[in-house]
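To start, I am sharing the structure in question, which I have written as structure tokens.
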């Protein structure tokens, strides 16, 4: 991992972020609906008040000027005030971000922890009953609409069995001092294991709902790449060396087979982060996705712009992580 | 010389989508200790599958269905998977056609060498550090043996950091790490430049002499066989069609297929004469009728060839699968 | 001496190979069954007016949330029960097949078409073409899918065509990346080099030499994505941006019914099962096809 | 391959301790609520949901009782000195959550912050419009505040419950931005923690002065803590109530009523709402410029059937814009359901073969809009529903006089004050902000303007009656219904009932 390559990556980030900002800007500009009118709603407002509000929001300036103003401020990490919250956009986003990241990471871990073993098992027992079940299961996984599946889970585990909570992040008996914003970490830092368990309980259903499609995808990728790898000469050669089956599978096959899995996982994590407003809505999870969708509907321009920028940065960084993992796993590639 | 490997009436079949493929159809062969046997045939003749069967490495949907494989007095087909695994790499080793694909790209050369020793060498000390040192010393020794300069440093490198010839040597070093009694070298030179081919073959011959191991050299290059092998076995469409001492088979082939093979190689002695390729193609191995398999391409074919043809003695130590072998002398 | 010298090969008759592949496919019973299911859905979609027991859009508030026939209060004239406006769920599923299949196919065709063009160009020409396409792809991938689609829907307004466009605007990136990667790998292979040496133009090489050899992963990815597209359409409906009423799409039926799921589970369950079944069948059948037709997977 | 099952086992073990439920504290009253507060600053928001949460921490000068009657809260008494002057006598001994005593200065500061341009750090409060023609606020005695209007505005007392009193010194300390997340009010609960997007946790304020004397019981709140838990998805909200996780939920869907009633331990509570639903017909369009076509549309819709079947009977039908509970509402001539007559009217208007129109609506009302569309279709007004997004639709329909496209718009208008000024004028006065129909009637405009400033209550009521009769005849809208607000409530909750202004005041609520 050379410094030069890192720098190159960072430089590549710039056109992507500019492009993303521009697209969001143009998209919002072309979208009918006036933030001032939405804000005022049914209330009475005089034209003077309206003009003043427009000025307060910075909407009186021409579009092009607003775009460059946004870029100039964004460079200094100033994303402006959220139209509705009376606070800086950065604060509002920062409050919601840890919940989204925590849920996504747990979903990712759940997905990896189930997808890789299942995918490997399905590949080495190709065409067995297990393989077929796993394949059908993974297809089911990608075919289930999340909002539907989530509500089914709530019905079963929360309403009928009453063993898991319906919604939210943690109960109200626990008061955990916020350090990182990640409840699983904060509870441990506070040494409150009961609260940790509780936070975990709240995470189970949303993490499963969110992680299921990813599990299915990763399982298919793992299985396919494992099958591909198992056909390679070096596996035959490893077997000819008289190595144990275990070693052939784990040391020789898996290390190569995981390369695509890891890449796909890194990319899919981006979609976990950005694609979970459905799960957030169903499980009342206080994450960013829901906020962004609301903000689109409310034409809360500064928040939408900042959030999309954040998503884009995350995406690029995740790709970066994927690249690093790729080098770790695949010595042929040097960054 | 005592017999090291004796295969009799081996059948290996593949359940392909088009039907049952008899990739190895009644092959019998012997390899003596220290001997070098050349196995010649076109792609699809069954020569590689025969020795995969010997090593117990036939993959599904393939299956050894019949026959005995005696190695060092034991029938390998009766062994458990674990016993078979213990023999692979320790007693019978194999090298593959292309070291680039045979070596795991994600592991260092050192690790790929060490793991064979780890798997088989019972003489290694048990203490962690001592064991590691011993393995390292052995690895260095093996790389030295196959002629890799500054072996210690190169153990930490990955296969892609070596040249083609070097990789081939590494693969051979890995195969030979446990001093096997039999080395199956599957097309060891096909993937190499001509200049390096000779070096690698010399290396194999040289080590064979030093370690006293037997070698099976699978190739489609009769020139290689002529130079390095004591005996040769020619395969066609899953069957052995001719076998015997190398010089005799090459000097006076007694199967039309062998003759065809020889006629298609450019040889200095025959300069000026046109090369004559064998016409036609290898038959589809699905649902073959019991008759001479070379019949469709054979210049000597006659109506009576449409029967099942057995192997017959064709002189001392020589056998051939041709009805008209007497006429060929 | 090479094998070619020994055995001058001539390709086996293409026709017999095709038939053999087809025979092979037919032996895979699960795949055949799945293909039949897909066919059934297509027939259902085409012949919807003939087979639907009721008018899919006829509301009857007296039948609001009527349960399926086998539950008390049900009626065999409305076998799977009725939705919140008393419309026959079975009929709506039958008609909804048209929309869901249309959206799935339209988005995937559009996206795959654009993706193949862009991916081939990027992978084959490399250089600045690759850089430009790569940047666009990066920028689009930087957007979360659903948020991008929501933004576009807000911009373009409602409508079936707009849904297709909103999804395809980003969807093409996925086949594009696959095609680009495969093209990069394939363009260096011998037969492509050979074609180039023989003086074939880029268009010929891309369409005749490269494309056929990379089609199989593209098809695989596309079928998987089709499931995703149908679910995304449902998600847009969930957020109130789906197909326009009274048209039924399975996605919108599932999402409309989600509100009733605690008490009238049938409203969203049956269309949900229809999505599952179709997507599952498409996937299984396509996997069977690939197993039978993709030479890389045959021994 | 033994490693794999072991790995799965290990995962299961990690999860196992988490399965032991943690009991919530017995004295926590939890409200499953649709939306989080945007901000906790009482002067810097425009959302009903935000106010509902804030109102439990901040008190106002006045409040409303269960019957929507305005009663004094922080004020002890209200005196109207002149048509444009009101005196508010402030109670003594009211404490903020930090223990400081509230003064008349704080009241003045609060009202100035809302009504003076740029009073909030250069910005003007978005709630200024709710204060109408307030010209100035002055402290006339240590315990008296006078509000002076620039013109008579009889509904001032009715609008004042929407403004809550903040602490001047505190605002000056934390700033306007600080007030968005911190609370130092005079209400029955103080802020314990705001878990944004997830929950607002409130704690009982033990030094509470007791609240409005007209609304017993007076004293500190009953429960230790109140938690507004944000659950946007209605099915999840109902599930949480059924699972006993929350005790009160708002916006209970009508179709879930049966289930909540059937469940042991939960019940349904309703209250008359204040939001009128109607269909705007574009009077500048090609069909609805003809009153006959508009009447045909009104006749084609069987309101009662929709109320019974879709709204579960939880709505009151209306024949004018006003809710039956609103000031000035009266019995109006009914447009009966008569599809045949509707067809006849269409034919009379020159459309014997019917017409093809579209009806815009938001996703949330798709169901009802489709039911209406099919009724219209049956009467020859072949209607296609177009679901749009809120912002797009308001752009399209609330044009304030600019030309508009589209045929019909199924929408609603809120009237929290239950005063006609708030709903009648915006939806019917020429080119006003909510006049989606494009209705223009100079006589009505004059009447509405006069009624807005009429101080004689009976005369004012009569003026609105007259206005209702005018629009009843012109039929610019199809007036539909005012739905009830439906709540799911645990039977453990006592001392609470829903309020018509949609607020959830929990001062008096207890949990058994």
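Chains here go by letter, A, B, C and D, matching the order in which they are written, and residues are numbered from 1 within each.
Quick note on the criterion: contacts are C-beta pairs under 8 Å (C-beta built on N, C-alpha and C of every residue); 3 or more make two chains touch, one makes a residue touch a chain.
Chains and their UniProt names: A, C = ABC transporter permease; B = ABC transporter ATP-binding protein; D = ABC transporter substrate-binding protein.
Keep in mind that what you see is a predicted model, and the values were worked out from it rather than measured.
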item	value
Middle chain, criterion being Cα centroid separation	A
Longest centre-to-centre distance from subunit A (ABC transporter permease), chain (CA-based)	B
Leader among chain pairs (count of C-beta contacts)	A-D
Rounded Å distance between subunit A (ABC transporter permease) and subunit D, as computed from the means of their C-alpha atoms	35
Whole-Å separation of chain centres (CA-atom averages), subunit C (ABC transporter permease) against subunit D	44
Centre-of-Cα separation between subunit B and subunit A (ABC transporter permease), whole angstrom	53
Euclidean distance of C-alpha centroids - subunit B vs subunit C (ABC transporter permease), Å	48
Subunit D, residues touching no fewer than two other chains	235, 239, 242, 389, 391-392
Where subunit A (ABC transporter permease) touches two or more other chains, by residue	31-33, 147, 151, 155, 159, 297
Partner subunit D, residues of subunit A (ABC transporter permease) touching it in the complex	31-34, 37-46, 49, 52-53, 56, 84-88, 92, 95-96, 99, 113-114, 117, 120-121, 124, 147, 151, 154-155, 158-159, 162-169, 171-175, 193-195, 197-198, 200-201, 204, 246, 249, 281-287, 290-291, 297-299
Touching residues (chain side subunit B, partner subunit A (ABC transporter permease)) in the complex	55, 57, 81, 85-90, 93-94, 96-98, 101-108, 115-116, 119-120, 158, 160, 171, 174-175
Complex contact set, residues of subunit D against subunit C (ABC transporter permease)	234-235, 238-239, 242, 253, 255-256, 258-259, 305-306, 309-310, 362-364, 366-367, 369-371, 373-374, 384-389, 391-392
Complex contact set, residues of subunit A (ABC transporter permease) against subunit B	232-234, 236-245, 247, 251-252, 255-256, 329-332
For the subunit A (ABC transporter permease) and subunit C (ABC transporter permease) complex, residues of the former touching the latter	12, 15-17, 19-20, 23-24, 27-28, 30-33, 132, 135-136, 139-140, 142-148, 151-152, 155, 159, 217, 220, 267, 270-271, 273-275, 277-278, 289, 292-293, 296-297, 304, 308, 311-312, 315-316
